[in-house]
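All remarks here apply to the structure that follows.
Per-chain residue numbering starts at 1, and chain names A, B and C are given in the order in which the chains are listed.
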């Protein structure tokens, strides 16, 4: 069973690569013109075209693309003039920092809320939790982000503005992992750490609310199903306390499925990060993607899409694997 | 008197008002074996579970008297009920596939019941679990203790349930169709086991079943339920002399090996049985 | 004899015909949905929004594209219920017309996605074998991308605009429907009544179309309603990122993007479209939740 799951990865990966390649070749914007300029003489255009490899047939182009991929070469970004792989390595840690912080907050708040709401199903608390999480899944992330900036930064002045760091602190902390919070701890620079955390707070909380909504709903749904099981009656008949029945027995039965849901929620944060980074000017992969889009930098767009797709795929697979490993019923 | 019930009533809200699932049920139980027989939907499970107040959350329970060893179950708070459940009265459900926690080992579940009421450390409880498994006639108790419910057969699962419920040494055992999900060959074994353990420990037993001859064999008294009420109550030995038409109908429906029958008897239901 | 479609007839416990049984089931489902207050709020809100968008020309007395640079960024007043935006256009009118754009995009996506997903899923599930494997592989590839990112990449490749956005969202939204339909198909494929229909000589196409697809419908409907909110959010996000409807077209996400800089002092200009997106999305979520409770309780 596990083997078949693993066997499908190469196929899906291939499909991923193929789709991104095709997207890149469908674009109406001629990359040659983009590089050479509108008024370049025909021989320059031909030279650029040959350099980009666009004069060869599509199949050959795809093969070259694959070969390059195998060497980790995603092309060069027109915008930054760096290799795309270097750009991604530059920007990815910030997204990782943001997403990880968000998921931790979402889990710490969301899971207990879901459990408690299920245990008090139908009560006012349950209704409030349901509406709040439904709202969380309905609110556009960018609106929430903008409103947070408006309220907390502009009106109340308690939070710093956009970006990862105040301009004053820029460059003070040597880059080790690329995640400012971690790097400032490593460097022992507490002022920078405080500033980094302050800047991280808003985007992380916005993303966390988004994710928490999903996590709370799934936890609640799982718990309601678990609480209707006969083994719950047995547990109560044993005279166990309500807390023990709720957590050890009901929650214990859903923890495996919940872990897989959490992996998927983490993957879903990648999507939310794209928008959140745009609103908060957070220098992560999402921002890189949207800016490249606006600049029609196809290499960058496709490279970033491919990487995001890859991470998504890995997380989905991880969630599958975890399920099979953790559930005692699956051998 | 272990259990005293007078005019028990269990209702459920439906789209068209309140519906009576159990109506005017009264019975008493001492240190004896009582069997409650009836078809599906007759209210026998609900009656028994009312004693421990383990009803579904939307059930409405009322009674003139509902006591367990003079403790007023109807008005008891959750803490008082928890002192009764497990410690003084145990409940065995029908299908161990569903009634055992799928993600805990058998030993852990039994040990949990032990520790909840007898205290003691984990090692002690684990050892006690293994001992209990031996008492319910499981041949390799250590292996079973480390197994998960889905790895056990139906018969073994029920033995685990029994061990789990007897761990705190209760005075009353309620067995809700304990053998209905088992093979015929295993059924007799499990019932004999229950009977044996109950007799040796001097416990009371409420055995719920739809199987009339089975109940009459293993119990001292039998109560027959139909549509939420008790239509007849008699000593097990007097079963063949039952007077209520429903009971006689049930007896008449049973095919026997000795008596040749061309067609199976079909019970004729009299709507007057719904009124009492 | 009680009249057809009267309350008695609809609540009957012993329906006399197949049609009556179907109506009884629908009516009971409706009663169950009606009892769910939150779902009713969602239904009414969604209906109001749809009607308001359709009746936009009647309800908005100002021209949504009429610019008035002198009166730009005006706060809400009698003349302009929601104020004016950065080019002096009436926000109230733009919200109404924007509703047409956003909801129109969503409907277009759904009309593309549900049938395709249904067909792919039921064909894959019924025929099994190599067809199933190939189709599921394709589904997996599309599922491997987070929806927004893939939509962005598609839109970037095509020209940014409404039709590209619709196609892009549709391309990323169909896989779950195929999965759902396939799962439902697998459940019924080996049942006796399918075998019976096969025995009567029905071909695969007929079986899939007339017998299997109707059974997949209820999960698809539930999923569609729930998905609506996600599609609304994605469409708005594309608009916000400049990849969806292009200015000067009134689309809620695009409106927020172009007025983003004014959030400080004229906060209503970007906020009101944001509230509109939120309300629409929430309404469909509430409705979808309620419908799922009625149609497919085990899916909760």
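The definition used in the following text is that a residue touches a chain if its C-beta (ideal position, glycine included) is under 8 Å from a C-beta of that chain, and two chains touch if they have at least 3 such contacts.
Since the structure is predicted, the reported quantities are computational estimates derived from the model, not experimental observations.
Relative to subunit C, the chain whose mean Cα position lies farthest away is B.
Among the pairs A-B and A-C, the greater number of C-beta contacts is found at A-C. In terms of their C-alpha centroids, the spacing between subunit A and subunit B amounts to 52 Å. Subunit A and subunit C have CA centres that are 24 Å apart. Across the assembly, subunit A contributes no residue that touches 2 or more other chains. For subunit C in complex with subunit A, the residues that touch the partner chain are 38, 137-138, 140-150, 152-154, 156-159, 229, 233, 236-237, 240-243, 253, 256, 260, 263-264, 267, 270-271, 274-275, 277-278, 281-282, 285-286, 289, 300.
Considering their complex, residues 229-231, 233-242, 249, 252-253, 255-256, 327-329 of subunit A touch subunit B.
Contacts from subunit A toward subunit C in the complex involve residues 8, 11-12, 15-16, 18-20, 23-24, 26-28, 127, 130-131, 134-135, 137-143, 146-147, 149-150, 154, 221, 224-225, 267-268, 270-271, 274-275, 278, 289-290, 293-294, 296, 298, 301-302, 305, 308-309, 312-313, 316. Residue ranges of subunit B in contact with subunit A, taken from their complex: 52, 54, 78, 82-87, 90-91, 93, 95, 98-104, 112-113, 116-117, 148, 150, 161, 164-165, 168.
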